[in-house]
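Here subunit A shows up in two complexes: once beside subunit B, once beside subunit C.
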Partner chain A sequence: MSPELRRRETVAGYLFLLPSLIFFVGFVVIPMVMCVVTSFFDATMDLNTPDKFIWFDNYIELWQDPVFLKGLTNTLIIVLVSVPFTCIFSLWVASAIYKMREGLLSFFRIVFYLPVVTGSVAVTVVWKWMYNNYYGIFNYVLKNTGIISKNINWLGNPQYALWCIILILLTTSVGQPIVLYVSALSNVDNSLVEAAEVDGATNTQVFWRIKWPQIMPTTLYILIITTINSFQCFALIQLLTSGGPNYATETVMYYIYYTAFKLYRFGYGNAMGVILAIFIGILSAVQFRLAREK
Partner chain B sequence: MATVQLKNIKKVYPYISGEQKKSKKKDDQPQKKINLQITDEGVVAVQQFSLDIADKEFIVLVGPSGCGKSTTLRMVAGLEEITDGELLIDGKLVNDIPPKDRDIAMVFQNYALYPHMTVYENMAFSLKLRHVPKAEIDKKVREAAEILDITQYLNRKPKALSGGQRQRVAIGRAIVRAPKVMLMDEPLSNLDAKLRNEMRAEIIKLRKRIDTTFIYVTHDQTEAMTLGDRIVIMKDGYIQQIGTPQEVFNHPANLFVAGFIGMPVMNFFDAKLVREGSKYFVEVGGYRQELSPDKEERLLNHDVQSQEITLGVRPEHTDVNDEGVAARVDVAEMMGSSVHLHVNAEGHDVIIIVPTVDMKGNYEMGDTVHFSFDGKVAHVFSKETEKNLEF
Partner chain C sequence: MSKDNGSSVAYKIFSFVVLIILAFLFIFPLYWILTGMFKPPAVINSPTPQWWPHEWTMRNITELFSRRTAPLFGEIALRVPGALRWLINTVFMAIMAMILTCITAAMAGYALAKKRFIGRAFLFSLIVAAMALPKQVILVPLVREISALGLYDNIWAVILPTVGWPFGVFLMKQFSEGIPGEMIEAARIDGASEFRTFTSVVVPMIKPGIGALAIFTFINSWNDYFLQLIMLTSNSNLTISLGIATMQAENSTDFGLIMAGAALAAVPIIIVFLLFQKYFTKGITMGAVKG
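== the complex of A and B ==
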């Protein structure tokens, strides 16, 4: 290819890229940089008072803030419970259904994917009814079966509230991994499975020694996506508990929102955002590394 | 090392619910669609398959796509359920025994190497599953690698190997276990022509070294002829003929076998078989040729009468001379040691192979030539049943 032709093609290529590049820089890169920069300022919404550069004060304050620490603990609990559960449960369901004939497979895919495509507000409202102190289905069933003697205030009791949130999160998290695992398992070359069977492998050995390594890239993707989603759990908290009772369901994401948009402490909120991003980055890198080594 | 017996094996793929309605027509006659028999039970892939394979024998299943050869092999492997009939390995009924307990090894068409394992791990996999001691695994893998000349690739992953090398690894993975029966499903079909020839020779050598029972599936009649002790020719799920390569070449049981075995394919003519006492003659295009005494004897044994027949003569068994069947030259292909003359005779396209040393001049399009054939190479097939009348 002549240099002139190559130059023209390069220019054309960049022109095609330009719209999404502008969008990406304007709405992703600049806000990210601004977030990091403002985390070093005592930034508020007060336009009359200039923001004061305070070095690492926001970051130091974070580690002394009991609400942030409680939020971080809750967030880590959510991640540690939901990520393994989502992966294991979705792999189990996908393994059970992926060989089913098309109609049945589609039915299960729809059942598990429905909470994902349903608006989170609608899902949350339904769950709020189910958790209702007086006429929620959980209290109704548990009471009628004699498991509990009096109604439980699921979302109002610090002992149960976080687990109630995690349960909802799980139901909305497994849909996509199931669909991905079904697809990944269906794509495992059947001749590899047959070769392993002829080689003497049992069904369990075929799964762990042949299929599992083949679906590892999908597992890695699911791990990272679920980790990020769990770290960023916000809508459920906002709609159900607003972090209560007594910060029992406080998460870092909700506390960022609360600090920035209720207390107008943007610098402090952004410092939390940076810490959260670092946590997600480290955990994703570890998962990526481990999966690649495997 | 083991004997393998297949007794009246049948394989039917049942309909998935709803499918039968679509495929079934108003009349209840079984339909035929791209070599498949469609019946009320489902799609019949293999039927009435009976074969006794001797210990250490090399059997080749050959036939066109969809004839049921791979299905048969997969039934022996235990990868397909047997609908009806009995399969015995070393005298033991194995119909319901899973592949892992049949002591067989299989080389797949697409190699089926585990992509996440190295060559060494691929070859050691089956031994590891059987809890063979590490030192022994190492010894066996290295021995097999040595035989197949892949020692230098033991630490590589399959994706870093060429097609030929992958094929060797696939064979290595199979032989490392010293299985009772070695199954090969079109192992050379993904290789280019040159590599295929090389690997074919390798398999012949390998067979002598590992000395086990082989069942080999191919659609390539050259592979079948060069590798097999006996060849099983299949069509539409039925065995057409079982015999040594020489038998099926010299005495094809029917028109299909005659056309399938041999390259270039056998020439066919509409001809007449004439019986005169104990003698038999074939007449085509004014040319008359007496059949050889052994053929005459076989026809006499079956009391074959004069009739219209399909006559088959192989291109290499036709001689161009001054008398015989008249033909018009369409194309003359120079192949080096011979010329393939494509001619039209008696309304049929015919190929005549003329050795270059016997050529008296060049052949041009439109030239008229005459060809004849010997009585011992003329194959007579019934017009009605397409069967060889000698059988």
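== the complex of A and C ==
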């Protein structure tokens, strides 16, 4: 490349990037940096009072804050239950539907994606009604089938509340993984599958030996996006239980919101944000490693 | 398939039955919203549910549209029901976010895929790294930034951050990789300017990608409840999701009214999704192909 052309390419490249970079730097990079910086300050909503630099005090306080620790535990439970379940469930659905006729395949794909499109607020309010102690359909069905003998206040009971939330989360998480798995499975190299079938391989062998390694990158991507999504579970908690009863459904994300926008402790909230980002970063890195080794 | 024996046929029937049951369960909440909005309060607040409304009422819908009014747009004098204003706000937000994202991302994606310049590799890794971070974590500092810009409680406060999110750039880079270099070269030799090459050669080739990104951004922006919650406060600035959430906090047991609101939030976006779902599916899968 001639120097003239190279110069032209560089200028053009940056001009094309400029509009996007303004938004990216302004509304992603700057807040990200501010998140880390503010976490070392005693910062409030008030822009007129100067923030006080307090070193690691926010981080030290975090590990002595029982609500944060409870929130962290609940978040980890949500992640540990919903991530494997979402992956297995969506892989099963995808392998059951990917060979179907186009119309039928679209139908199932749409149906499982429906809770995502419906939007978290609409989904949450209808589930709130279904879980309701007096008018909810859950108590009606379970009582009439003899599974329970008296009404259960699902969301008001610390024993069940978190599981009720996980159930809704699952229905809103499988849509995207199913779409991804369907596309990955239909892209599996068919000549290998046919060769193996000629050699008398069983369906199970074909799946684990041939298809599974080929859909591994998709699995990895799904693991990562599902982990990030489960960590960020928020609307469900805010609209259904506000973290209650007795912190049974407190999550890190909800506590960040509560600290920052109800208690106006920005610095403390941001310290939690940093910890959350680190957790997600570590988990993604571990998943990436594991997938690479296999 | 010649290898099909009895057990695999049985498995196929079994899995089909399970799928049908699951499909039913996944549709049910939506069904419950759409029928619930037409049920009278006595039926809604009864321990015995009606699977299909015996008596249809418009009460919930009338109630939804008779609540607090707001100006139709901006601060003009014509006042409309709050719920209608929320819907207008939401449509405006989603369309603006969509247009801005598509323009900026298409340009940036093309530059990252086809231009050779210093800092390109660094910028791209920064974008990928940002995508792996939890989006909601940056929203707390974002509120302070938006307040400092004087945009707090303004519909642009929920549009601008959506445009900044780098997924679109990533997606458009994937699509732009597929443009043959010779076509760009040919345009250059013909003396077309860089910008003209972009609009007349590149854009037509990445149209399906832009379609995918458009629908993806529209739906995500419509449903981004957390961002809306922390940025918007006054009644006439709310989005439909936020309006419904506020309404359910105020009348937590009037499920009929709340279902009418939920339907107003969900039905338009579901229609958009159904109309464009082919593009949407493409967007999801292209975004996953690692670059």
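Going forward, the second predicted complex is superposed on the first by the 288 of 294 C-alpha atoms of A that agree within 3 Å, B and C clash if a C-alpha of one lies under 4 Å from a C-alpha of the other, contacts with A are read in each partner's own complex, and residues count from 1 in each chain.
Keep this in mind: contacts are C-beta pairs under 8 Å (C-beta built on N, C-alpha and C of every residue); 3 or more make two chains touch, one makes a residue touch a chain.
None of these values were measured; they are calculated from a predicted model.
In the three-chain model built by superposing on subunit A, subunit B and subunit C fit together without any clash.
Of the two partner chains placed by superposition, only subunit C is touched by A:Ile224; subunit B is not.
Of the two partner chains, subunit B is the only one touched by A:Arg101; subunit C is not. Contact with subunit C, but none with subunit B, is seen for A:Ser284 once the two complexes are overlaid on the shared chain. In the superposition on chain A, the chain among subunit B and subunit C reaching more residues of subunit A is C. Contacts of A:Pro158 after superposition on the shared chain: neither subunit B nor subunit C is touched. In the superposition on chain A, A:Pro50 makes contact with neither subunit B nor subunit C.
When the shared chain is aligned, subunit B comes close enough to touch A:Val198, but subunit C does not.
With chain A as the common frame, subunit A serves as the apex of an angle whose CA-centre rays point to subunit B and subunit C; its value is 80 degrees, to a multiple of 10.
Legend: residue contacts after superposition of the two complexes on their common chain; A:Pro84 is shown touching neither subunit B nor subunit C. After superposing the two complexes on chain A, the closest approach between C-alpha atoms of subunit B and subunit C comes to 5 Å. In the superposition on chain A, the residues of subunit A contacted by subunit B and by subunit C overlap at 197.
Interface of subunit A with subunit B (complex): residues 101, 189, 191-192, 194-202, 205, 209-210, 213-214, 216.
Interface residues of subunit B, counted against subunit A in their complex, comprise 16, 77-79, 98-100, 104-106, 108-110, 112-116, 125-126, 129-130, 173, 177.
Those residues of subunit C whose C-beta lies close enough to touch subunit A in the complex are 3, 8, 15-16, 18-19, 22-23, 25-27, 29-30, 32-33, 36, 44-49, 100, 103-105, 107-108, 110-112, 115-118, 120, 123, 126-127, 130, 132-145, 147-148, 160-161, 163-166, 169, 194, 198, 219, 222-223, 225-226, 229-230, 241-242, 244-245, 248, 255, 258-259, 261-263, 265-266, 269-270, 273-274, 277, 281, 284-285, 288, 290.
On the subunit A side of its complex with subunit C, the touching residues are 1, 6, 8-10, 12-17, 19-21, 23-24, 26-32, 34-35, 38, 45, 47, 93, 96-97, 106-115, 117-123, 125-130, 132, 134-135, 137, 139-140, 171, 176, 179-180, 183, 197, 203, 217-218, 221, 224, 228, 231-232, 234-235, 238-239, 253, 256-257, 260-261, 266, 269-270, 273-274, 276-277, 280-281, 284.
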